[in-house]
Every structure is written in structure tokens, then in C-alpha cells.
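One structure follows; several queries about it will come next.
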Amino acid sequence: MRFSARLTVIMSLFTIMTVLASLTFKKTQKVIFFGDSITAAGAKPGGYIMKMKDALAKKGNSDYDLIGAGIGGNKVYDLYLRMDDDVLSQNPDVVFIYIGVNDVWHKASYGTGTDPDKFEKFYTAIINKLLDKHIRVILCTPAVIGEKTDFTNQQDGDMNAYSQIVRNLAQKWHCGLVDLREVFHTYELSNNPGNKESGILTLDRVHLNEAGNQLVADKMLEVLLSK
Amino acid sequence: MRFSARLTVIMSLFTIMTVLASLTFKKTQKVIFFGDSITAAGAKPGGYIMKMKDALAKKGNSDYDLIGAGIGGNKVYDLYLRMDDDVLSQNPDVVFIYIGVNDVWHKASYGTGTDPDKFEKFYTAIINKLLDKHIRVILCTPAVIGEKTDFTNQQDGDMNAYSQIVRNLAQKWHCGLVDLREVFHTYELSNNPGNKESGILTLDRVHLNEAGNQLVADKMLEVLLSK
Amino acid sequence: MRFSARLTVIMSLFTIMTVLASLTFKKTQKVIFFGDSITAAGAKPGGYIMKMKDALAKKGNSDYDLIGAGIGGNKVYDLYLRMDDDVLSQNPDVVFIYIGVNDVWHKASYGTGTDPDKFEKFYTAIINKLLDKHIRVILCTPAVIGEKTDFTNQQDGDMNAYSQIVRNLAQKWHCGLVDLREVFHTYELSNNPGNKESGILTLDRVHLNEAGNQLVADKMLEVLLSK
Amino acid sequence: MRFSARLTVIMSLFTIMTVLASLTFKKTQKVIFFGDSITAAGAKPGGYIMKMKDALAKKGNSDYDLIGAGIGGNKVYDLYLRMDDDVLSQNPDVVFIYIGVNDVWHKASYGTGTDPDKFEKFYTAIINKLLDKHIRVILCTPAVIGEKTDFTNQQDGDMNAYSQIVRNLAQKWHCGLVDLREVFHTYELSNNPGNKESGILTLDRVHLNEAGNQLVADKMLEVLLSK
């Protein structure tokens, strides 16, 4: 083979490799949002997942395929019980875990909340199953049950405690963290001078209104794109 | 009447007035501490009521007769139900009301806590019955269920909320206030660097240890003597 | 006196007596139904109080004036707190007390149910205030939270226990009794072969449907007219 | 080979086979009792597991090795979380599952009971993991929280409901069943004429006294030996 011929071959191979490489880099990442009714609503029009899609589209970023996997009333062990069917079977690249409100809330409303040590155990089991599959895992602290800023919402003690468990797990397992509890509290200090229990970021003390969905979308996107 | 006779009369009257005045000033004030198991323990050796007695004795102050009326497990409506028998029948001059821990705690431990609006209604009814008898009323906010300083104790939200109700009632009805919730929190910030849940001012997250009884005694005495 | 004059007098006296008698017999009895949301609904079209009115009208019985005094969410101590305003101020002749469902139910749904001994104390206080005014008092056991017939409804244990407290109070204070718990259970055994939790006498496990309102109306009327 | 030689060989083989078979039959069965504090106490002197051992020893039956695996406060998902470590790692032949009291009780005492559908899901997951390993599984209904016979114990509704879930699971998965709820109720009807809440089969409404441990031991042994 002559030199030019060899060069042509080499160039061609290089082109193919480049194309292949670009295909690899452009491979869409499947992102699953795994949670409760807040996430179920997040996948509907106006929800935080839809707002993230819109924001990515505006940026011309087509790297991510965002998929909601929220079911109303879910607690951490509900996620555990359905993670094979609803998450692992879809081979996601990234999973946001956004759980904890019902683990706390159901103590008072049904008598079936989750003990903090069990919350940590099931949460750890979920994280480990995901990490075993080399899935990127991003944890979210539960935001609020009641928006009063002076820590007089009935569940504030538990919400602070369970959020701390989530923060510790993120650190221990080197997961991403969207600290919604912190983000919301900071926002409320500036935007809820009347110490209202709802209407600032939530409709009903728990479920997100327009501003709440926007805030969650912004913070999640920030963490998603930070890597 | 001669001068000396007049002087004798004047002197005599002065003596009588002095004696009368001293009788008035020396009339012992009956002080009842109306509460739950914390107050029941407060009347035992080492308890906060005993510490107040000791402190008054040391000052040589014999103006007050301190009487414990605490019963374990009591909530605000237990006080209401037994106030005729245990308080009014004794014709007290001063009543400390120290209640609220079980109203919050029994939500989780028995499902029979007190709704905040009912807490306020029964508390108001007690205050009014006492004020109608011209009894001096001093309210105490419930101190702690758990001593962690970062507001991660399970009942912190409710403890803050019910304490706020008590503060508002003190203001509304011009009662004295011993803000134990505030006093304890300030003390813990300085003395509980490890964020422990018990052992600083309590034995078991709720019931007072030596330091806790001393702190309560100091603050109550301060308010009692402030008038 | 001539015969005609005597006759006139006798006739006149007879007339007066008749009028007096009719006044006595015709004096309308004011009947207050004192309870929770079940009684609030009972005063609306199709409700058990309206059905009692209809039944009395059909009989041509105008002896009773039926008045609803139900408020949603009420527990026994809510009745106690509002009995002066809502009952005694109206000078009723008869009071039906129909309470207990929320005292049991709120244990699980809010953590603010009523301890059984407090239930008995406040219920006793209500009865005594009414009896002191010579008001006829008729107690009702709480019917159902869930219609399953095999005692697998979550609150069946408590519903049985609190109903027993009401039965004992009726006996102790010689009050009338409408044993709705017993009446409903007997009805369900015949009419709920599928062991359903709602739809037989209730809409939603607690609040009465058409058949439930009819059954309550029938039994209450029976007891009201039994004296 | 002559006939007698062949006969000898055959006889020898038969003997060897018989010995081998008897060895197989005599292989001790490892039996694990998987449960909560009732089972933890069952493994102590006087406990139901010790009574079963004694009974087997009296019969000269050495076929079973009985092992307690009870931990106080356990609910069904605690069993699930520790079944690899505490049960499967021991390669048992038989597992008794005796759980449910805390799943019901913790609703009122901590707000962290188990929803009935989750109770069924985790229970099912445990059964399936055991059946996959060809382990014989025997289910026990939770006996009592309170011994009153007229279904006025607070948790009777749930205890009946959760027991029914266990019965249904035993039928569905062809497991053995020790219906302690039924056994206890029958015993109480004969032996608790005073409708006492404890002292007949329990020390404290839940944990077994001497008679309770004996009754559980008798019934479990009956089912264990029934196959």
C-alpha cells in the first residue's frame, strides 16, 4: 500500500472513531425521578420535571431524557419495594431520590410513619442497589410540611432530623445532594414575612405551587448539570 | 389634753399602725404549682419547688408558702377538670401553670394529644377562673422533649407552637410568664455542644435532672419575686 | 243559682279546663341533637333529623321541635366547651348526645383522640349540667368507623370500648339510650354479607347514607316517643 | 456368581441402604423462630421455645434443633431487613414466623406501625425468600394486645385484620399455620370470665406468662410434628 493510501485509511479510521466517540458523548442520559406525590405532580404540566425539560430545551441541551416515577403516598420502603419494576428495569443513568415527607407525615395522619433508623436502612439499601449498577444517584432532602419560618410547623423537628439523615447518606455514599429543606428555608426567610403555613412555595403546606416547582427544577438542574 | 398625753396617744397609734402594717406585709402568700409529672417531681427532695423553698429560706424570706399540685400524665384539660378540687379549694394567692409537654407528647405516644385550638381554649378557661378569684397567675412555657439544639427533636415544631400559644395567652391576660422553652434553649446552646438529646437539663429528654430543677427554680423565683 | 246559670258556669269551667289541658298537652318540646358532622348532616335535607320531622308530621304529631346542633370534627370536650352557647341557652326539653366517633378516630388521624377516662369525665360533666336543668337526656353510642361485620375495622376495639362507656353512663344516670353501635351491628349482620367496609349504612365508613339516616331516625324516634 | 453370593450382596446392599436411609431420617432439622420480643423471651428459661425443647426431650425426640431469633420491637420489615444475617445464613429446615404485634401496636405508641398492604408485601417477600430455599415455613397469627374477650381491647380491630392477612398468606403459599389469635381467643372465652385485660395468658397484655408460653409451645409443637 502506498503512503497516501495508508494515510487515507488512517484518516478514515480517525473519522469513524471521532463519529463513534461523538455518538458516545451524545448518548442521551436517562434520568429517573423516584418519589412520592410531589414527584407524580412534577411529571404533569407545570410540574418540576416538565420545567426541567423546558429549561434543557431552551439551552438546546438534548443530553437528558427525564422520566417521572412518583406515586402518591410513597414512603422510603415503598420505593424499595418497587425499585426493580419502576427503576432498575429501565436502566437509568441517573436517579434522583426525593422521599421522606410521608415517612414523617404518616406518623400523625395514619400512625404508619417510618422510624428514623428504618428510614436510613431502606434508604441505604436503595442507594446501594443503584450504585451496584453504576447509576449516578442524587438525593433530595424533604422540603416542607408547613411553610412557617419560625420552626413551629408540627413536623419541623422530624423534618430537620430526617433531612439530616439524607445529608449524611449523601456524604457517606458520595451521592449528589439537592438540599431542598435548606433551599426552601432560605427562600421562605426572604419571601414569607407573614410566617404563613402555605401559599409561598406550596399549595397546601406540602405539594408544590408554581414557584415551588420552579425552585425545585432550578436546584435539581443545577446539580444534574454540575458533573 | 396635755402634750405628753397627746404624745402617748400618737405613739400608741403609730405602734398599732406599725403592727397592722407588719401583719399585712407578713401575710404568707399561698403559691400553688399546677402541672404534670415534672411538677410532681418538683415537690420531692431535690425538685424545683424544694429548691425554691431553700432559696427563700436562705434569703430569710418567709412570705411564701409553696405547694406542689402536679400529677403525672396531666394535659391542660386534666388541670381544668381538677382545678376546683386541687387549686381553688385551697384559696391560693398565686398559681404557676406549668403544662403542655403531654399535650404534645401524647400525640405520638398514645394518639391522645391536645389539638392546639383546644389547648388554647382550656388554658384560657383555667386562666379566667383564676383571674375571677383575683389570683395572681404565672404561665410557664413547656421546656423540652429532647435537648438537641438544632431543632431535630421530633416534637420541636409542636413545642415551639404550643409555647407560642402560652406566650400569647400571658400577654393577652396580663399574666406573669416564665418562658422555660426560651430559657432552656439558651442554656443548651451554651452547655450542650455535643447536641445530646438528654443529660444536660433532663434525665430522659423530659424530666428534670439536678441542673434542670435548679434552672427552673431560679427562673420561677425571679418572676415570683418580681412583683 | 238557677240551673241555666250553673250550667253556664260548668260549661265555662269545662272550657277553661279544656283550654288549659290543651295548652299543657300542646306545649311543644324543644329537642336538641348535640353532636359532630354526622349530626350536622342530619339537619340537612335527607338527614336523620329531617326524617324524624317528616315521620312526626305524618303521624300528625306536633309535640316536638327538632333542632340540630352538630359541628364537624367535634369530640366530647368540644361539646362540653360549647354547651352553654349552643344548648343551654336554648332551654331545651330534651337533648340527644351523639358523640364519640372523633374521640376514637382522631387517635389515628391526628394523634388527638380522647383518652377513655377523659371521655367518661367530660361526658359525665355534660350529662350533669343537663340533668341539673331537668332536661331529658338521651345518649347514643357511636355507630361505626367501617362497616365490616367481623370486627376487623381498625377502630372496632375502641368503638366497642367507648360504646360500653356510653351504655354504662346511660344506666348510671338513668338517661335514655339509643344503642346505635348495637343497632348497626345487627343490621350489618343481615345486610352486609360481603363484609364491605362502606356502602351499606354509610357513604365513607362513617357518614350516613340514606339507609343509615333512616335507621338512626327510626331508632331515635322510638326512644323519643317511648316516654 | 452363585445364587447365595448374589443374595449376600443384595442383602448387604439392602442393609447399607437401610442404614443410609435411617441416617437421612435422623438428620436433625434446624428450626428457627423468627420474631419479636415475645420470641426473644421464648428462648429464655420458661419461654415457649424452651418448653418445646423440654417436650421433645420427654418424647425422646431428637429430630429438631430449636433456635430463637427474636428481637424486641421488631415489625415485619425488621424481619425482612435481617433475614439474610439471622435466618438464611444458618440454613434452617423450618422457620416459624411470629410477627405482627408491633406492626399494629406502634401505630398508637410511636406513630410508626405498618400499613396493612405493606405488612402483606414484606411478609410475602419473606415467605418467598424462604420457599425459594425449600425451607418449610410456618406462620403464626399475632395473639393479643389485651386479653379482654368482648373485643374492647383498643387494637382488636387491627389484630383481627392483620391475623386475617396472615391466614390468607398461609393458604396462598401453602405454609403451615399456628393461629394463635384464634387459639388465645378460644382459651380466654373459657378462662377469662372477668374480662380482664392481662394476667390470663400475658403478663402485661402482650408478653406471655407461664400459661401463655405453655399454650404457644403446645400449639407450635403440634404443627411442627404434624408433617
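Read from first to last, the chains carry the letters A, B, C and D; within each, the first residue is number 1.
What we mean here is this: contacts are C-beta pairs under 8 Å (C-beta built on N, C-alpha and C of every residue); 3 or more make two chains touch, one makes a residue touch a chain.
Everything quoted here is computed from the prediction, not taken from an experiment.
Participant: Is the C-beta contact count larger for A-C or for C-D?
Facilitator: Contact tally favours C-D.
Participant: At the interface of subunit A with subunit D, does the proportion of residue numbers present on both copies reach over half, so same, or stay under half, so different?
Facilitator: same
Participant: CA centre of subunit B versus CA centre of subunit C: separation in Å?
Facilitator: 43
Participant: Distance between subunit A and subunit D based on Cα centroids, please, to the nearest Å.
Facilitator: Taking the average C-alpha coordinate of subunit A and of subunit D, the gap between them is 42 Å.
Participant: Report, in whole Å, the distance between the mean C-alpha point of subunit A and the mean C-alpha point of subunit C.
Facilitator: Taking the mean C-alpha position of each chain, the two centres sit 53 Å apart.
Participant: Averaging over Cα atoms per chain, report the distance between subunit C and subunit D in Å.
Facilitator: The answer is 49 Å.
Participant: Provide the list of subunit B residues touching at least two other chains, using ranges where the numbers run on.
Facilitator: If we look for residues of subunit B contacting two or more partner chains, we find 107-108, 110-111.
Participant: For subunit A, which residues are in contact with subunit B within the complex?
Facilitator: Residues 107-108, 111, 146, 150-161, 164.
Participant: Name, in rising order, each residue of subunit C that touches subunit B in their complex.
Facilitator: Counting only subunit C, the residues touching subunit B are 77-78, 81, 106-108, 110-115, 118, 121-122, 125.
Participant: Subunit D touches which residues of subunit B in the complex?
Facilitator: My answer: residues 107-111.
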